[in-house]
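Letters are used for the chains, namely A, B, C, D, E and F, taken in the order the chains are written, and counting of residues starts over at 1 for each.
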Amino acid sequence: MKIVMAIIKPFKLEEVRDALTAIGVHGLTVTEVKGYGRQKGHTEIYRGAEYAVSFLPKIKIEVAVSTDLVPSVVDGITAAARTGQIGDGKIFIMPLERAVRIRTGETDADAL
Amino acid sequence: MKIVMAIIKPFKLEEVRDALTAIGVHGLTVTEVKGYGRQKGHTEIYRGAEYAVSFLPKIKIEVAVSTDLVPSVVDGITAAARTGQIGDGKIFIMPLERAVRIRTGETDADAL
Amino acid sequence: MKIVMAIIKPFKLEEVRDALTAIGVHGLTVTEVKGYGRQKGHTEIYRGAEYAVSFLPKIKIEVAVSTDLVPSVVDGITAAARTGQIGDGKIFIMPLERAVRIRTGETDADAL
Amino acid sequence: MMSRFTSPALLGGLALAGLLCGPALAQAPAAPTPDKGDTAWMLVATCLVLMMSVPGLALFYGGLVRTKNMLSVLTQVFAIVCLVCLIWVTYGYSLTFTNGGGLNDFVGGFSKAFLAGVDATTTAATFSNGVVIPELVYVCFQMTFAMITPALIVGAFAERMKFSALVLFMVLWVTFIYFPMAHMVWYWGGPDVVAEAARGLAEAGDGAAKAAAQTRLDEVTADAGLIFQWGGLDFAGGTVVHINAGIAGLVGCLILGKRIGYGRDLLAPHSLTMTMIGASLLWVGWFGFNAGSNLEANGTTALAMMNTFVATAAAALAWLFVEWGAKGKPSLLGLVSGAIAGLVAVTPASGFAGPMGSIVLGLIAGAVCYLFVANVKSALGYDDTLDVFGIHCIGGIIGALATGILVNPALGGAGIPDYVTKPGELSIAAYDMATVMWAQGKAVLLTLAWSGIGSAILYKIVDLIVGLRVTHDEEREGLDLADHGERAYNY
Amino acid sequence: MMSRFTSPALLGGLALAGLLCGPALAQAPAAPTPDKGDTAWMLVATCLVLMMSVPGLALFYGGLVRTKNMLSVLTQVFAIVCLVCLIWVTYGYSLTFTNGGGLNDFVGGFSKAFLAGVDATTTAATFSNGVVIPELVYVCFQMTFAMITPALIVGAFAERMKFSALVLFMVLWVTFIYFPMAHMVWYWGGPDVVAEAARGLAEAGDGAAKAAAQTRLDEVTADAGLIFQWGGLDFAGGTVVHINAGIAGLVGCLILGKRIGYGRDLLAPHSLTMTMIGASLLWVGWFGFNAGSNLEANGTTALAMMNTFVATAAAALAWLFVEWGAKGKPSLLGLVSGAIAGLVAVTPASGFAGPMGSIVLGLIAGAVCYLFVANVKSALGYDDTLDVFGIHCIGGIIGALATGILVNPALGGAGIPDYVTKPGELSIAAYDMATVMWAQGKAVLLTLAWSGIGSAILYKIVDLIVGLRVTHDEEREGLDLADHGERAYNY
Amino acid sequence: MMSRFTSPALLGGLALAGLLCGPALAQAPAAPTPDKGDTAWMLVATCLVLMMSVPGLALFYGGLVRTKNMLSVLTQVFAIVCLVCLIWVTYGYSLTFTNGGGLNDFVGGFSKAFLAGVDATTTAATFSNGVVIPELVYVCFQMTFAMITPALIVGAFAERMKFSALVLFMVLWVTFIYFPMAHMVWYWGGPDVVAEAARGLAEAGDGAAKAAAQTRLDEVTADAGLIFQWGGLDFAGGTVVHINAGIAGLVGCLILGKRIGYGRDLLAPHSLTMTMIGASLLWVGWFGFNAGSNLEANGTTALAMMNTFVATAAAALAWLFVEWGAKGKPSLLGLVSGAIAGLVAVTPASGFAGPMGSIVLGLIAGAVCYLFVANVKSALGYDDTLDVFGIHCIGGIIGALATGILVNPALGGAGIPDYVTKPGELSIAAYDMATVMWAQGKAVLLTLAWSGIGSAILYKIVDLIVGLRVTHDEEREGLDLADHGERAYNY
C-alpha cells in the first residue's frame, strides 16, 4: 500500500475529490497548508509598511491506496488539479506498511 | 522506527493522548484535518440554498515510535478512539528512517 | 528521495526557510500543528476554572529532497531552529518513492 | 375652486407631510425657534442612521460573503459613505431640496450648492405648523439617507465588482438616480407655507383677491416633487431608499453575471456572527431612520418607533417559522433576514400605520421575502449575492402598497394629514382607498422605471470606462488581496 | 387616619415612585403635555436597552461558549427578543400595567390587550407631579425590559437546551413569571393621582367628607402591585429583572444537568473579543436602562448615570484585583464579569444612592460575585454555563439590600420620596432603616420563591411536551449544526 | 481700563467659551434651570463618548495587533476606563474644574474632591448666558474625556508593555499630565459670571466704583486656566486630548524600544474587521465628543456635527487616494486611518469652522498623516505600534493651528465670541489672525512640553518600580497568555 500525498490549489479540491471517487477511492484526508515554491506570492501593505508574503494557501490531500491503484490515482489527481500555471503543486508517494480501521479493527486493504 | 498516523474523531483526542502516555509515548503531533469517507456529512442551508458538506472535522495524530512499540500503540489508539460508529477513523503505519532532536542533536531512539 | 518532516517553534519558520533556500531547497510545505511533549504547556483560567493546556502551537515543515541533500537539510534545519530550550522540536526522515509535478508531469528529481 | 384642495390627490400630496423630509427652505429669523428636545432627538437620529451604514450594513453584508471578500465589502461601504458625504454638501442637498425651476418636478437646482446660505441660524420645517429644527441637523440627517442607499446596492454584486468601477458608479448613481428620486418624493414647501397660502385664500374676499389667493395656493402646492404632488405616501423612504436600491441591485447583478462557482461550490457566509451584529445594529439604528423621519420628538415619533419594533419582530419570526417548516430547521440567517425584510416593509408605513397593522405587514413581508429569496431567485437563476432585490425591492414594494391600506384610520392608521382645511392646525382628511393606492402604485412604478433604466445605463457607461468586473484569477484569489492588497483576518 | 399615610410602609410604597415604571394610565387630553426633552431621552433610552439585548447580551454570552454553539446563543437571544415583542403588545403590557381587579396584587388585566386605547396622543405618568411622556414610548421602553430579562436566562443552560424547548419555555415564562413580577413591583397610579387624592383629603372638611376622602386615598394607594404596596425600592429592576432571571437560570441548569465533559474538558470561551464587545455595549446600553428608568431628563437622571458609571468601574476593578491576587493574573474575563456584576448591583440603587455609596456597592458586588463564581459554584458543582445565578441573582440580591441602606440621605442617598404630605410637590420622607430593609427583604424573598418555584414547574411542563435537552451526539456536534443547520463561522 | 477687555488676548480667552467645558461652579438654586432638551442631548453625548473607548477604541487598536496580543489591548483599554472613572470622581474632577488658588494657572484644588457639594440639583454653565445643565451630567461627560485620553496612548507601546506597569503609569499620567492640561485649557468662570462683572463695570459710575468693578472683572477673567487666559481655541480637545496623548505615546515607544521582529517579520493586523468596527464606532461616538462639547442642543451643535461629518469623510478619502496613487492599491486600513486623522484634526475646530473649511482641513490632515505614518516614521525608525503620534499628535497639531485660521468669519467660520462688549448676549469679536495664531501656537508648544517631558519622567519612575517591558519569551508568546493567562480566541 502507499500513501499518496498531493499538494494542490485550494479551489481544485472538489474536482480532485470527484476524480478520486470516480476511480473508486472513497476516503481521503485533507489539510489546509501553506506552500513555498516557484509560484511567487503577493505583497501586503499596512500603513505604508510592505510585506512580501511568499507562503501561499494550498490544500494537502492524503490518500492511502493499494499499490496497484497508485498510477490511476496519480493520473486522476494530475488531470483534475492541473491548470498549467506555476503553483499547481506536487504529488508524493510514500510506502504504507499497515492500515487499520479503528471501528472494526480490519487491517490493510480491508481498512481502506 | 515507525511513524504512526491516526485519523480520529476530534472529541477523542484527550483519551488517545492519555492512552499513549500510559504506554510510555510522551510526544506526539496533532493536526486539525477534514476527512472524507463512508461517514456521511451534513447539509447546511443558507437562505434556501442547500449545501451538502461531505468533509468532516477530524484530528490527525502523528507519533514517531520505535518499531517494537508499534503494536501497543496501535492497540492503545484503537481502544481509546473507538466509538463503534462509522467515522471512527484509521491508523496508518509508515517507515521512519531517522529522527533527530533539534535541541540536542540526539538521533533515533534517543530523539523520541 | 526523502521526505524531511520537521516540527519547529513557530517563530523559527522564517529562519529555517532561509536556511533551506541557502542550500538550494526552493520548495516546502508548512502546516500549523499542535505539539505535545516534554515542553510543559501553560494554564488558562476562565472565571476561576483552571485548564492545563498541554498542546503547544508548532509548525510542521515537509520538504521533499533528493537523498544526497538530506544531511545538509537536517543540519540546516537544526542550526536554524535551535534555541537550546526544551520544545525546539524534531526532524523525521521518511522514504519518498516518487514525486510528480502536477503542472508538467515531470517526476522525481525534476519534480522538486 | 376650493374643491381642488379637497381632491384626494392633493390631500395625498399634503399627506406627504407625513414624509421623511421637510423643506430646506431657510426660515427668516422671525420664524419659530427650534425646540431643543426636537434638536436633541434629530442629532441622535442622525448618529443612529450613520451607525446603520458603518458598521451596521457593512457587517451585515460582510458576514455573508466568503472570508476572501470580507474586507472588500467593508471598504466599499465605508468608501461610499465618505464619497456621498462630500457630494451631498457640495451639490446633493441642493439638487434634492431646492426648487429646480423648469425641472422642478424631477430635480432641484444649485441655489444651495456648497451649502450656500445654510448656517447655524437657519432652520428647516417639520410636519407640524410652527415647529422647526436647525437646518444643519436636517442636512446631516438627510445626508445619512443618501449615504446608506447606494451602500445597499453593494450586496447585489458583492464578491466580483472592481473597486474603481464601484466608486465611479456610485458617484454617477447618487447624482442621476438618488437625488432626483429624493426630490420627486420628498421636496415640498412645508406646512407653514401651505397654511399661510390657505389662510390667504380663506381670508380673501371674492373676485380678484380670491383668484390671486387661489393662484398663490396653487403655486405653493405645485412647488413640490412629482411623486409628492401625486400624493404618494412614504414616511421614511420605502421608494426612495429600498425600491430604488433594490432594483438597481438586480440590474447590476444581471449585467455583471454570476460569480464563479455559483450554484456549484459552497458559497457559505464566512461569519454569521458579523451578520447578526450587523442586523442588530441595523435594527437599533433604524429607529433613527423611521422615528427620526418625524423630525420631532412627540407621540407620532413614538408610534413610528413602536411600528418599527413590531413589524420587525413579526417578519423575523415569520421567516423563521416558514423556513423551519419548509427546510426543517430554524436558522439564524433566516431570523435576521426576516428582521431586515420587516424593517424595509415598515419604513414607508412607520408613521402612518397602527401597531396591529404593522404586525400584519411584518408577517406578510417576512413570508413573501422568504419565498422570493429561497425559491423565486433560484428559479430565475440570477446571482443577487446578498438578496438586495429579494429583500429591499420586494419588501419595499410590499411596504409601499400596504401603507396605502394601513394608513386608513378604520384600520388603526394615523390617517392622511390635511394642512389646508384648517390652516395652521393639522386635520385628518377623509380616506379614499382607490386614490391612495393609485398614488402608491404610480410612485412604485416610476421608481422602478427611473432607477431600473437609469442604473442600467450607468453600469454600461462604467463598464466602457473602467470595466465592471475583476478577472477570474482575481475573483478566485478574492477581492481583498486583488483589489486592496490586504486580508480581513490574519489569525 | 392620616397616620397611615406617614407609616413607613406607605412611604416606602410611595418611594416606589422612584421605580422604573410609571402607570400606563392614559391621561385625559386635558392632562399635561409631554416635554419634548423627556420624550427625546426616552426614545433614546429605549434604543439603548434594545442594544443591550441585541447585539450586547448575545455577544457577551456568545463569546463565552464554544465555537460550535455560538450561533445557537445568538439565535436564542434574537428570537426571544422578537417573541417577547409581539407578546408584549398583545397582552404583556396589559397584564403588567393595568388593574387586575381581584388579582391586582399579583397581576393586571386585559383592558389594554392589543394596545387597546393606546395611541400617539395618550400619555403615561412619570415620578414628578404634572410631568408625563407619550404612552407609546413608555410601552416601548418597558417592552425592552421584558425582552432582555428572559434572554438573560439563556446563559444558564447554554450549549445543551433544545431550541424548540427554549421557545416554548420563554413564552410561558414571560407570561406566568415576568409579567406578574413586573406588575407586583412596578404597577401604581402615578404621582398626580396620589396628589389629587391627598389634596382631596387635606381640603376635606370633617366627618363624612373626610372619611370619603380618606377612603378615596386608601383606594388610590391600594391600586398598586403587592411589592409596591410593601414599599420595596427598585429603581430599575434589581428584583424584576436580575433576581428573577438569575434564580430561573439556576433552576434551569439544575434540571437540565451538566454539559458533557463539564469539569473534564477545556470548555474555554471561543471569543473573549466578542464577550468584551458585548460587555461594553451592555454598559453603554445600561445607561438607557438605569437613567432611562427615571422617565425624565433631569438631575436625577444624571445621578443615575453617574452611579451606573462608578459602581460598574468599582466592581470591574474589584473582580480584577481579587482574581489577580488569588490566581496570579488579571484577566479580561474577570474585568468584564465584574463590570456586569456592578451594573446588576447598581440597577435597583441607581436613582437612590449617592456616587460614593455606589462605589462601595460596586466594590462589594465585584468581590462577592467573584467568590461565588470562582469558588462556591465549583464547590456546589452545578453547571451554570455562563454564571447567570452567580452574577445576576447574587448581584441583584446585593443591590436590592444595599439600596435600602444607600437611599439614606445620611449616606448621601436621595432619600425616600413622599407624594402625600405636600400634595403636588415632592418631599423626602424620614428614613427608617428597619422598615425599608424589611420591605427589601420581603421583595427579594417573594421574587426568589415566585420565579424559582414557577420556573421549575414550567421546565417540567416543557420537558414533558418537547423535551428540554438535545441528544449526546447533537451536543457533541454542537447546537449550531444540530439545531440550526448553520455554522457561526466558515473561515 | 476697558481697553483691556477688547484686547485680542482676552477676546481669545473669552472665545474659549467655544471650548468644550463650562465651569463646574454650582449655580445657586436661583440660577436658571436646565432645559430638558439640553440635558437629554448631554446624557446621550456621554454615552456616545464612552462607546468611543469601549468598545470603539479597543477594537480599532485591537484589530491592528497580532492575535496573541489582542486580548491584552482590550484589557488595557477597559481597565483604564474603569480606573480613570474612580479617580475622576475622587479628585480628578476637582483638580480640573475648581480654582487651584496659587496654582490656579496650572491646576485646580480639592474643594470638590469626592464630588463634595455636587448633587442632582447643582448645575454647570454652558457657553450661552443663562443656559445651564445638571452638574452631574457635566461631570459624567467630562469623565468620558478623561477616560479615553490615556487609552489613546496604549497604541504606541502595544504588544510589549507590562500590564502592571501600564496600570501604574496611567494612574500617574492622568494625575500629573491630564488633569493639569485640562485645567489649563478648559477651566473658566462661565458666561454668566463674566456678563455680571461686565455689566457691573458698565453700570458703575466713575472713580472708585468704576475701579472696583474693573478689578472685579479682572478677577473674573483671571479665574481661568493658563492657556484659556492666553486665548487658545480648542472646541473639543485637540490639545488636551490628542496632542497630549500623541506626544506621550511617542515618548513611550522611544523609551520602551522596538518590538522583537520589528521591520523584519510580518506584523500584520490580525483583524481589520475589528479595526473597521472600531473606526466606525469612533466616528459615531465622536459626534458626542464634538457636538456634545457645545453642552447644548442648538444650531452650533448641528454645525459641529456637520463639520465632524465632512472633515472625516474628506480625510478618509484623501488618505485612500494618496495611498492608491503611491502604493497602487486603495486599502481599508488607509481609509479608516484617514477617517480617524480627520476626526482628530476637526476636534478643536468643530464648533468654529464652516463646513467647507472643514473639508479642506480634512483633506490636508488625511494626506499629511499618511505621509507621516508611511514615510516619516520608517525614515526615523521608531516603533509607534499603532501610530498614536503620527495620527493623534500630528493630526491634533494640524487641527489646532487650522482652527485659528478657519474660525475667521471671512472663511465661513463662526468667529470668536465676546461676552463682554454686550453683557448677557453673545457678540462676535473682530478677527485678528496674528493674535489667534500666536495663542494657538503657544498652546500647542506648552502641551508638547508639559506632556512630553512629564510623561518621560513618569515612564522612568514606573520602569524603576515595576519595569516597563515584558521579557522576550513573554513577548514572543504574546501578552494575552503571558500577562492575562487567556486567549482572545479559541476557535
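The rule is simple: contacts are C-beta pairs under 8 Å (C-beta built on N, C-alpha and C of every residue); 3 or more make two chains touch, one makes a residue touch a chain.
Remember, predicted model here, so these are calculated numbers, not experimental data.
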Please identify each chain that touches subunit C as well as subunit E.
B, F
Interface residue identity across copies subunit D, subunit E - same or different by half:
different
Between C-F, B-D or A-D, which shows the same interface as C-E, counting it as a repeat when over half of the contact pairs match?
B-D
More contacting C-beta pairs: B-D or A-D? The answer is B-D
Any idea how many Å lie between the Cα centroids of subunit B and subunit E?
50
Roughly how many whole angstrom separate the Cα centroids of subunit D and subunit F?
36
Expressed in whole Å, how far the mean CA point of subunit C lies from that of subunit D is 57
Overlap residues in subunit A, where contacts from two or more other chains coincide:
31, 44-46, 94-95
Junction residues of subunit D, two or more chains touched:
35-38, 40-41, 44, 266, 268-269, 277, 327, 329, 331, 333, 485-487, 489, 491
Full enumeration of touching chain pairs
A-B, A-C, A-D, A-F, B-C, B-D, B-E, C-E, C-F, D-E, D-F, E-F
Under the stated contact criterion, what part of subunit A meets subunit D in this complex?
11, 14, 42-46
Of subunit B, residues touching subunit A in the complex:
2, 6-8, 31-38, 55, 58, 60, 74, 77-78, 81-95
Applying the document's contact rule, which stretches of subunit F touch subunit D when the two form their complex?
35-38, 40-41, 44, 48, 66-67, 266, 268-273, 276-277, 279-281, 283-284, 287-288, 291, 296-303, 305-306, 309-310, 312-314, 316-317, 320, 327-333, 335-336, 339, 354-356, 359, 414, 489, 491
Residue ranges of subunit C touching subunit A (in the complex, touch as defined)
3, 17, 26-31, 64, 94-103, 105, 111
In the complex, subunit D residues that touch subunit B
266-269, 323, 327, 329, 331, 333-334, 337, 370, 373-375, 377-378, 387
